[in-house]
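Look at the two complexes coming up: subunit A is in both, with subunit B in one and subunit C in the other.
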Partner chain A sequence: MLISDIKSRPVYERLSLDGAGRRHLVLSDAPRPLGEVIDGTDGADAPLGYWIVAATSAVDAQPQAEAAPGNAAPVEWRAFRAASHLLDRLSHRLAQETVGLRLYAIGEEGFIWDVARMAREAGLEPSECFTAHAGSLRRKVFCVHCKTVTSGVTTSIAVCEGCGAHLVVRDHFSRMHAAFMGVQADAEAPGELPPVEEVFP
Partner chain B sequence: MTARPRTMPLRVAAAIPLSPTLKAFTLIPADGGLVPPSGPGAHLRLNLPVPGRMLKNAYSLISNPADRSHLAIIVRRVAGSKGGSAFLHEEVEDGDVIEAGLPANLFPVVRTARRHLMVSGGIGLTPFLAYIAAFEAAGTPWELHHFCRPDERGVFEGLLARYPAARVHLHCDVDLGVLDEALLRQPLGTHFYTCGPALLMDTVMERAAALGWPRARLHSESFGGAAEGGEPFIAVLRRSGLEVAVGADTSLLAAIEAAGVEAPCLCRGGACGQCLIEVAEGIPEHRDHFLDGEERASNRLIMTCVSRSRTARLVLDL
Partner chain C sequence: MTIQFKPDETFRDEFRYANSDAAVLRFPFPFPEDAYMYSVNIEPHVPGGATPAFDNPFDVDEHYVAECRERARVLEQDPSRCKVLPHMMAAQWDTLELIMESLATSYPAHFTLTREGISWTWENRPLGIRDSFTFGDASTLPLPPFEYITRQAQGDFTLQDQRDDNLFIDAGMVTTQADWSLDFDVGMSFHQWHGPVPLAHQKGVFDRALKFLLRLQYGAPVRRLNWTMTVNPRLDTSPENYPQWGPDRTTLTAENIGQKLHLRVELQSLFRLPRSNAILFGIRCYLCSIEDLARVELWGKRLHRVLRDLHPEIADYKGTTRFREMAVAYLAPFDDGADLPVGTAPRQDTLPPTALPLGR
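Moving on to the complex of A and B:
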């Protein structure tokens, strides 16, 4: 029942450093080597920050300078306990930033679009904020009936955390909610549900 | 359906010389009532009857768009021009009536911007006077850097005197380094606008880009009026078989309209793309800001409001 060719479904490309930027901040929702997530950092002389979600209480989010390859400026590296921890610091950082920043986010769609929304609200233009997908395909699903967002959905039909409806997870994507559209699956014939498939591993 | 009127009569309520070459005009509807709505950055096209022909010169509105009691412009007298500015400086007096087009805006403010940084040179300040009035009314932060000749400093100081001194920066030297400092400290969400001599606009746009400003934040005034005129040519309207002579001083669109053919159009300044027509034969001379490089190179499309022809005949799918 998934509807394909939906135009709002984001399409991602591999991240590449925008040479026109004066400062770069790369965000990842999991520990990944910098060179694995973005091209062009070798030899880049603009300051670059790399923030990752370590998903452990053993990190303190303090900046650590890491030598960069070649003659590039050192990378300021920070590890955060959780995505919420990173986003909290990001909102403070963006409030202090000036025009010239380029922001990059890589990870699951819920994370990268939370970053994109925060960037937009801070005044960044789409041409200053880049996203790429990595990791699980699991989705945030926005229930069009009760407006609740259910996270971590991996199946074609999901139970809404707000109203308990069985929702068809569509490919319609909302950049505002960083979520996909969910519509009641058995609205016309209550109780009649299509088979549930694991489609967003 | 009745056609929307394309012009309106305006009466000169005040014509005040600001300097030997600058004159301010306050215009009110000749028939009473309110002036048509406009937005910050809009311009007004005046029909100026100079000997032998009718000029249609565009001037940026300096009046507060929210105040519909009048429109105001400042005209720089330009030596060696077609004579429109000289006509306004010498012939037009209080009480005279001028036919004008409806205000059109090719240089609008970005409404989602958090802050506005403006750089102007000389008479290029004019659209920003309307911008600033709107920003002050809305409480949006702004900063202006105005470059002018020392002998005109007093004129521009007077025009900006009512605004907070901390927002206004007047420069009489050509040191653009002062701009780097301003470009480097703007918070996210700032948009940048420039209006003035082409060399100034090109230079400051390049400076901004070099300091990390993306194209989406940079805006420059495009003078739609400057694109008019060129080599005369014949436009052939394929559907009707009509042959329209496009003179040296008229636009293709105006010539088509004068021949009684209704052609699509909106901004009449090469920006909106509404007047796009397919070209069947001939090579267009593109003067618009709408078509991309590929579309231009194809020679298959033309924007009739500003573009002309490189060939003696241009066959249009109209």
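Moving on to the complex of A and C:
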């Protein structure tokens, strides 16, 4: 049932600092060493921010300067309580930004395409926002019937949180919705469902 | 030429829909050969072809009034079937101009466009519309220009913006579609929105088609045919309403398949637009029952062979899995296995009351 090998599915490359940027902001949906998520920070002289999701209320998102490798300027580091917390702060930052910002997002697909959508809405060009996948393969699924997005889907069939339909999770991905398409699995013969498989661990 | 419209037709519920003999004979039958495989199959969209369906830039037929009414019903239920991204305003006006000019030229008995500078008056007599407006000023029309004019045309339309050596589907009016969602696909690049189509990517069909379309010239539109099969004469086979129409596929029997199963053909046309440099993509949908198609001897035989020998992945993608064998069995008695000429013209001027079994 799972239709695979669909070309709308994003293909990711490892992140690398864009030398043309005048300010860089790297966003990660989990604590990861900076050197692990992006290349080229050693010689960077443009200001660099690194925001991570710590997934705990114990952090407060205060900026902290952290020594950078090589001769580069210090990195401005912040830890956020949740992805929503980070995205809320990001929307303020993007509203104040001017030409020259380069945005980099790494994490699960739901997170990185939420970032890409905010960047697009803020007026960044596709060549100014970079994404890379890390962590779980679980998906956000857009129900084509009721338009509800169901998050954290790890199985080939998922129950829509909006209309309750059993959705086949197709490999068809919309950057606009930051989600994969879900289509009712048993629309032709109600109740006739294929076995559910764990496919997006 | 005056067209006799059939305003009481419906494409849902009781399905009050039929093709006159003339409408059957003008059907854009899509199979020039006995076997079908994906190809780019693009040709110049110039007047003239195998049937009169190819005579005009935008074909209007006896179903026009009923199809416009069906579109209005779908939009009432789901306005997201018409989407236009904000940067597409120039392309909206390009579309309005092209469709109005074409309809007024092709069907002067039904449509009139009067232009005095930017003061335009549009008369659509079949739908009882008469509006005067200022070209370029959207506030002078009752609806945004793209929605206004595509509510008055048969078939779906999308607008492709051209940038970064690619095409992006940045607007559309999609209410008579073969199972794809504009709301989900809007904003996608050429390869992204064609993502779900099997086999064709590997054959390089989309790479070649994109290269070709990026060079499409103003004044030199092109066309191609695509097809699928639909149970009942239902125009709105959208993924959005799949729970409503999906069960139709289980209602076919050997007795009713001739009347209920329809060949669905899309006459797809592509126009470069002058101001926006966008491409207008028209997807004009035709429905004909296989019982009526078999009244044209060449078409009945050929459809039998195409369905019988269809590549399994294509058969699956086109949603024919549940009923293909039954359709082949229905058509088999009309096929004597004789060699058929290449081409799609019906090669007959009248239709017998019912298809004639030939027997081997």
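Quick note on the criterion: the second predicted complex is superposed on the first by the 201 of 201 C-alpha atoms of A that agree within 3 Å, B and C clash if a C-alpha of one lies under 4 Å from a C-alpha of the other, contacts with A are read in each partner's own complex, and residues count from 1 in each chain.
Convention: a contact is a pair of C-beta atoms (placed from the backbone, for glycine too) under 8 Å apart; a residue touches a chain by one contact, two chains touch by 3 or more.
Here the structure is a predicted model, which is why all the values come from computation and not from measurement.
Peer 1: Is A:V153 in contact with subunit B, with subunit C, with both, or with neither (first, second, both, neither)?
Peer 2: neither
Peer 1: With both complexes overlaid on chain A, does A:L94 touch subunit B (first), subunit C (second), both or neither?
Peer 2: Touch partner of A:L94: subunit B, not subunit C.
Peer 1: Which holds for A:G21: it touches subunit B only (first), subunit C only (second), both, or neither?
Peer 2: First partner only, subunit B.
Peer 1: Does subunit C touch more residues of subunit A than subunit B does, or is it the other way round?
Peer 2: C
Peer 1: Touching A:R175, do we find subunit B (first), subunit C (second), both, or neither?
Peer 2: second
Peer 1: Give one of first, second, both or neither to describe whether A:L48 is in contact with subunit B, with subunit C, with both, or with none.
Peer 2: neither
Peer 1: Given the touch rule stated above, what does A:A105 touch, subunit B (first), subunit C (second), both, or neither?
Peer 2: In the superposition, A:A105 touches no partner, neither subunit B nor subunit C.
Peer 1: Considering each complex separately, which residues of subunit A are in contact with subunit B in the first and with subunit C in the second?
Peer 2: Overlap of subunit B and subunit C footprints on subunit A: residues 126.
Peer 1: In the complex formed with subunit C, which residues of subunit A make contact?
Peer 2: 3, 6-9, 126, 142, 144-145, 147, 165, 170-177, 181, 183-184, 187-190
Peer 1: Which subunit A residues qualify as touching subunit B in the complex?
Peer 2: For this pair, the touching residues of subunit A are 20-23, 94, 97-102, 122-128.
Peer 1: Considering only the defined contacts, which subunit C positions touch subunit A in the complex?
Peer 2: Interface residues on the subunit C side: 80, 164, 181, 183-188, 191-196, 201, 206, 239-243, 246-247, 249-250, 322.
Peer 1: Given the complex with subunit A, which residues does subunit B contribute to the contact?
Peer 2: Answer in residue numbers: 113-114, 183-190, 209, 211-217.
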